[in-house]
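Scrolling down, you'll hit the structures one after another.
Look at the two complexes coming up: subunit A is in both, with subunit B in one and subunit C in the other.
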Partner chain A sequence: MTSLTVEKPPPAEPEAPTRTTKNLARRLVPFGYLSPTVVLIVVLMVVPIIMVISYSFRDNVIVQENSVFAGFANYTEVLTDPDFTAALKNTFIFITVSMVAHLLLGLAFAMMLNSGLLSGVTKAIFRVVYVLPWLFTIAVIAVIWRLLLDPAGVVNYVLQTLGIVQDGVNWLGDPGSALWVVTFVNIWSGYPFFMISLLAGLQGIPGELYEAASVDGANPWQKFWNVTIPQLRPVIISMAVLDLIWTSQQFALIWMMTGGGPLNSTEMLSTFTYKLAFSEYEFATASASAVIVLLLTMILAFFYVRQQRER
Partner chain B sequence: MAIRKASRTRLIGALTAATVALALGACGGGDSDDVASDGTVTLEFAQWWAPELPDGSFDKIINEFQTANPNIKVKLLSGPYASTKQQLVTGAASKTLPDVVGLDGAWVNDFAKQGAIADLTKLMDEAGYDSSQLASQIQLEGKTYMIPVVNFVYPLFVNQDLLTKAGVDKVPSTRTEFADAAKKITATGGNVKGWALPLDTAVPNGIQNDVMSWLWASGGSMLADGKPALTTPQVKSVVEYVKSLNDAGVIAEGSLTMKEQDKVEKFTTGQVGMMIDSLAHINLVKENAPNLKFAIAPVPAEDGFTGKRGIPYASWGIGVADSSKHKAEAFKLVQFLMDAKANAELATLANGFPGNKTAKPDFSKSDPLFEEAFKIYQEGFPANEFVGLPKSEDLMRSFDEQLQLVLTGKSSVDDALAKSQDAWSSVIE
Partner chain C sequence: MTATSAKGRRTLAKTGLIIGLTLGGLFAGLPVLWMLSTSFKANGEVFQNPPRLTTENFSFDAYTEILGNGAQLRFFLNSYIVAIAVTLLTLLVAVLASYAFSRFTFPFAKTINAVIVSVQAVPPITLVIPYFGLVVALGLYNTYPGLILTHMVFTLPYAIIMMTAYFNTLPKELDESVKVDGGNSWTALWRILVPISVPGLIAVGVYTFMISWNEYLFALALTRTDDMRTVPIGIQLLMGQHSYEWNQMMAMSILGSIPVLVLFLIFQRRFIGGLTSGAVKA
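The block that comes next holds the complex of A and B.
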């Protein structure tokens, strides 16, 4: 036994580093595969966000060489700017009304497409028609609706022909109507995503639940409130929070339709920040405004993540 | 063996992925090798001109330059005006501007103050360049930062059919004649209005082209000794005049959010009788409405004005990045484009007027209106006081917002001008 033990190669000590190296390599493998994504996230997201946060606490940034620490001065300037307050209010109206309308329209159309009252061909036609607004890019949507809503455009022509209005309505040029009009266009362009998501949710509800409700004597309204809505609740909450986040970032539609006017009536946080940066070259206050928008969006993102965890 | 092979494969995979990641990271910060082993220098030239010229025509001009300068290659970075501006603003901020840049006069002050664009006076001296042949130079504190390569003037466009239908037999030359013609055209009915005034705040250049043009046409100025002078009787009379046209209902509706392209569209489709617009749009109007009969004329002046009329203009300007390692080569390109022959060729292609005084654009194949416009240009003087001002787009926007308040009855002319004066004074020191 003793001789055998002596002839064997040294047991544990020389093998230990090999095993450790192997274990280390095995542990590093996933990080190796993740590294391109991590590098991209750091370069494209983390670094710019940190830079913007840093700019927001400084003055004379980007366009001047000698930036100085300014503390919260930029934040104070932005938060006390009446244009920012107006933009915040407009953004709140814009995203809230858009989200509610997206939800109601999306749900209504999804239920229509999911109902057994329509034939397969009719449903297919409606499906194509309803999803069309989603297929256009924002630039095309803005151009189309600007043409339609021109004081001498198709919408006014139809309304005048039907005798609904006497003179052409100045839809986008009137400070009283512009915000509601751009909100309407945003609703038009965004409801199909809700519709498709809710339709998928509706199709996932087991038929047995409705059968059980029928056996209990529930009418269609009661089935809707006690079966459909509770079953769709996770989808509805996810979509609503995501929609609030997306809509709060909406820039192209507003910029191309009204530029924030007339008289700041459609100014949003996004257009306000853009003007600060690329028209006034006030990159420090623009950064402060962007950070405020980021914080507001993060509140929504927090609710979204929490809701996703609960699921 | 199998285990060892799998482990090796995993490790190789991970290393490959890490290498890709490092390579991706390196892409962002890499400095391009712009000098070849044979000494050939590659210049980057960012501009919005190529997309606005006939296909391939700008490449042809650049090829001529490369043939004449075999040791210099030019890499064109072409994009639409708006995206070029954004790219240059960020490039100027990060000191990564391309060697040669297409410039708008409205950007010069900000870029020069950032130290992003080079002092061309110095480069001209070093190259022994005779600057007396240049029609104009955009300067700041006595140093040239931009040279206008091609100028585009903004005359008055008049729909002659609508004018005749309205019973007006003369193209308006004074403010009274213009107001009278606008009223008569509007009175013909059918959604037709006399004038289009684009006041969209996203791109507020309507203030420069469609509002201040009235001031410059009568020899007025919005500045005094380089400082804002917006409360003068001359500026007030312009705003009051625009308000009177608005009150008379002769301006096409929707002007508060109207864009320049909407204005051109309305004129092309016969919805407005008159507009102040870039000469560059003549071809566009003719292409979209071949049967439209229209004329061009100087912007109407105040009644009784006999002096030289300022005519608004915009330019394709050129400058050199201060961060360029090849300024001498970059200036060679500038010099080439300002050469009488190349400059005339470019101006002809662009339907603009040359930046070299001795260049003669070829109107033989152009619309006769260009020759007409050239006469207007020569009889008056190019006027654009926004060129060289700091944050000029912001100045236009703040004036625009005050004008909108006046037109909607929410502010008096005096209040609006006083507030604009304050806003401008905080920018123009």
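The block that comes next holds the complex of A and C.
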């Protein structure tokens, strides 16, 4: 800004200073439009992240007035807690199984909805039905599935009638099944977002690619592997990373279906951290756990950004 | 191959497709249908054996019970207040920021944009602990402003990204013509750009409303009294108090889903028509 005025000294022009001021004011205009956003991002993200990091290195935070420096003690406590290790393992299983199922179901449903064999009305009706699980809040999804999975509920009735189980199974009360059940419900609630994105991706594939493949004598299976999948690859990778981030953050579903139990079998990093803070009021240890979750997410986000750049 | 076998194969593919679609439809739709049917049953019938989707004692009792209860209605009132305030504030702030990103070149634009995008990756569980400290310190614990403010951390980044993309589709000549007539960028934004962006604003607004209406973690941690709870927390409270009155819980779930379901239908229509409608023609 200053270099401009120095390089071109306007001799004997009285309006020159005003012009410079106007120029500066004009440069500041976009920042004026951005200022509410910047203030909110600082208040809602930058300051809180600094706060949580500072909490994690201290003791007696929030609930007591005089907090003391604790070094890495909170981190040691979290990382050596067997419940944390269990939560890490459960979160890993929950994310991996959910992601694979979201992708497979989303792709299968999107391809059926994209088929040229059916009328537009039929496809529109099925599209609305398939999107349904996405439209309900997690609290509602948790309540629906608790009703369906009740030991006296309809899922057990169907399985008993088919001879798959003997007595009514307490799906959410059994440590052996609870994690798989909450993962299943998460799959049910999350596939529509993949489906919508993949459907848009499918509709964007140029028809000439399939025609060219037909000319080369490709069968439907070869067309799928050599045209559809490569064309969808960018969407699939983006959705997979986003799903990874979202699923790792899933709190409400676990909290309302099992609360992390029975016997920690569905404990996730989010429920573990929440309990430390808001059930046990161990805000300092909870902050250390929250920072670890943030670091893990940042690693995922880093790979996401790098992959996006490579494209 | 002969024409008949090609036709036969087509029929076979179509049959397979319809079977696949129906199975998928049952997977997606049956739980929702079961919720709907349970909400019209008497509570004694909920776990009848064998289970039935229909009932002879069809009644709206569960609904009148919920709608006649001041405490439950309060959850709805709270959710409407918070979600509508979040939507209006998010739209206002996002329109200003998106205008800057879409129509100006300025230093650090990419950096600021990257920060806004990266907000989406920050885990809510990381933020909820400092938010608790923050809202208590600011005297906003258990208040509407505390919830409204914190919900915006989720709604704002998405709204800015969507709105910037929308503004980018509108030709720059539209709002620049105002400047030729002597107006400044502020008048160009509010006189020209915002009025023709109504379809985009509705799409962004509906999505913002959905996020706020469904938000659970902050609503749970940053409020304490029942008269400040939102619908998702209200459903959980109902589950704790009347865990045997499944018909009422299903009625509450349906009532709590109606705003989003209705808005989604409008959103779909607007989304198709809105994004493509000619801005230059207007």
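Here, the second predicted complex is superposed on the first by the 293 of 311 C-alpha atoms of A that agree within 3 Å, B and C clash if a C-alpha of one lies under 4 Å from a C-alpha of the other, contacts with A are read in each partner's own complex, and residues count from 1 in each chain.
In the analysis below, a residue touches a chain if its C-beta (ideal position, glycine included) is under 8 Å from a C-beta of that chain, and two chains touch if they have at least 3 such contacts.
Owing to the predicted nature of the structure, the values given are computational and were not obtained by experimental measurement.
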item	value
Superposition on subunit A - do subunit B and subunit C clash or fit	clash
Subunit B versus subunit C as contact partner of A:Q249, first or second or both or neither	second
Subunit A residues touched - subunit C or subunit B, whichever exceeds	C
Which superposed partner A:S177 touches (first subunit B, second subunit C, both, neither)	neither
First (subunit B), second (subunit C), both or neither touched by A:N226	neither
Partner chain(s) touched by A:L294 [first = subunit B, second = subunit C, both, neither]	second
Subunit B versus subunit C as contact partner of A:A25, first or second or both or neither	first
Touching partner for A:S67 - first (subunit B), second (subunit C), both, neither	neither
Which of subunit B and subunit C A:D150 touches, first, second, both or neither	both
Partner chain in contact with A:L135 - subunit B first, subunit C second, else both or neither	second
First (subunit B), second (subunit C), both or neither touched by A:N114	neither
Steric overlap of subunit C with subunit B in the superposed model, located at which of 109-117, 199-207 or 217-225	217-225
Subunit B/subunit C common contact set on subunit A	29, 31, 33-34, 36, 38, 40, 43, 62, 146, 150, 152, 255-256, 278, 283
Residues on subunit B engaged by subunit A in the complex (per definition of touch)	7, 10-11, 13-15, 17-18, 20-22, 24-25, 28, 85-86, 89, 92-94, 110, 113-115, 191, 199-203, 252-258, 262, 271, 391, 393-394, 397, 401, 404-405, 408, 410
In the complex, subunit A residues that touch subunit B	22, 25-26, 28-29, 31-36, 38-40, 43, 62-65, 146, 150-152, 168, 170, 172-175, 178, 255-264, 275, 278-281, 283
Residue ranges of subunit C in contact with subunit A within the complex	10, 13-14, 17-18, 20-21, 24-25, 27-29, 31-32, 34-35, 38, 46-47, 49-51, 92-94, 96-97, 99-100, 104, 106, 109, 112, 115-116, 118-134, 136, 149-150, 152-153, 156, 160, 185, 213-214, 216-217, 220-221, 231-233, 235-236, 239, 246, 249-250, 253, 256-257, 260-261, 264
Of all residues in subunit A, those that touch subunit C in their complex	27, 29-31, 33-34, 36-38, 40-41, 43-45, 47-49, 51-52, 55, 61-62, 108-109, 112-113, 115, 117-118, 122, 126, 129-133, 135-140, 143-148, 150, 152-154, 157, 188, 192, 245, 248-249, 251-252, 255-256, 269-270, 273-274, 277-278, 283, 286-287, 290-291, 293-294, 297-298, 300-301, 304
